[in-house]
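Before I ask anything, let me first share the structure, which is written out below as structure tokens.
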Amino acid sequence: MKSITEYLIFNTESRFELINITLDVEKILNLSGIKEGLCLINSMHISSSIFINDDEDGLHNDFHNWLEKLAPHKPINQYRHNDTGEENADAHLKRQIMGREVVVAITKSKLDFGPWEQIFYGEFDGNRRKRVLVKIIGE
Amino acid sequence: MKSITEYLIFNTESRFELINITLDVEKILNLSGIKEGLCLINSMHISSSIFINDDEDGLHNDFHNWLEKLAPHKPINQYRHNDTGEENADAHLKRQIMGREVVVAITKSKLDFGPWEQIFYGEFDGNRRKRVLVKIIGE
Amino acid sequence: MKSITEYLIFNTESRFELINITLDVEKILNLSGIKEGLCLINSMHISSSIFINDDEDGLHNDFHNWLEKLAPHKPINQYRHNDTGEENADAHLKRQIMGREVVVAITKSKLDFGPWEQIFYGEFDGNRRKRVLVKIIGE
């Protein structure tokens, strides 16, 4: 069994941001030399997500509005977590809807993807340095 | 390490459909000869899901109504993604709640499941040909 | 390839409970001797979750209120699943938001976690005996 472990770093300038990281993951896969296996990509922080969906600006706008409706940022004092001095309780909730991680099949040295699958880092509480883990195991 | 990679194809006749695919996955497991490992099952499309829950018609009806409440299909023009000519923005949102993939343990050549766990393909934008990937790695 | 498979048992006294199981998973990892690999932790029941988030009481209170808003327990008769004599339809929905499973990277014999990541068992229909599966594969 072979494995590779790499970390990506993000520090967004806005609270909410969706960043396509598919090429970053492909570079790590190419480094690994792994032909058949599984690739885990996860946020190492609890107010951001890794997810797979479409790279289309209108949809990203829809995600923003929809998450804000399901888990609104304001009023800050509606959340008990924010009594600790934080104001990111909503980001912890949004991340549960969008997910912490994805697991992707590696087949014939490629991410085994359908036609529109792209990997995104979803930031819901930006302006902080955050890490994403990419780990591939296989042969 | 051994691995097997197979693809299932679905083309539903209605927009919303939940299909039990547990037996399909078990067949692939039996073909593989893998005794201990991990099995990834994921939708290869971004408006459908793979998830594990109960095979009970009333609950499936509840899922339908609940997802329609959280991410309504209509009005179409509430979503910017639909400005592209699509009318499936809601399906992209529904899929985030239900999830893209599941990872299942393989133990002693079986799906290592609790008493009610069943694997479902969740279609939220049907009438299109779609694929599901099943990949097992192990020994 | 090495693997280990263990089961944790929970029987909560309240309907809703969030239990930090990170130390339980670390014990299993230490038993396994696995240095590099992937660890799957999943609920074996369909009305509970495994998820990763912050171990902060205020946030757990927020999760409770938020899930109750998105998928209310009452009135019982709003759900067709409850026509079967159950009253846990809401727990099946809550579990989809919080997720069935997590996959965690094992790097240098440790759970490869960010600073605040903790693993939780989320019970949404307690007072029943339930199991959680922990499976690690690697080398």
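Order of writing sets the chain letters: A, B and C. Residues in each chain are counted from 1.
Methods note: contacts are C-beta pairs under 8 Å (C-beta built on N, C-alpha and C of every residue); 3 or more make two chains touch, one makes a residue touch a chain.
Remember, predicted model here, so these are calculated numbers, not experimental data.
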(Q) On C-alpha atoms alone, could you tell me the rotation angle mapping chain B onto chain C? Nearest 5 degrees is fine. (A) 120
Q. Interface overlap for chain A and chain C, more than half of numbers shared or less than half: same or different?
A. different
Q | Rounded Å distance, chain A centre to chain C centre (Cα mean) | A | 20
Q: Pull out every residue in chain B that's touching 2 or more other chains.
A: 1, 38, 70, 97, 99, 103, 137
Q. What residues on chain C touch chain B, complex-wise?
A. 1, 3, 5, 38, 40, 42-46, 70-71, 79-84, 89, 92-93, 95-97, 99-101, 103, 130-131, 133, 135, 137
Q: Spell out the part of chain B that touches chain C in their complex, as residue ranges.
A: 1, 36-38, 51-54, 56-59, 61-63, 66, 70, 97-99, 102-105, 107, 112-117, 137-139
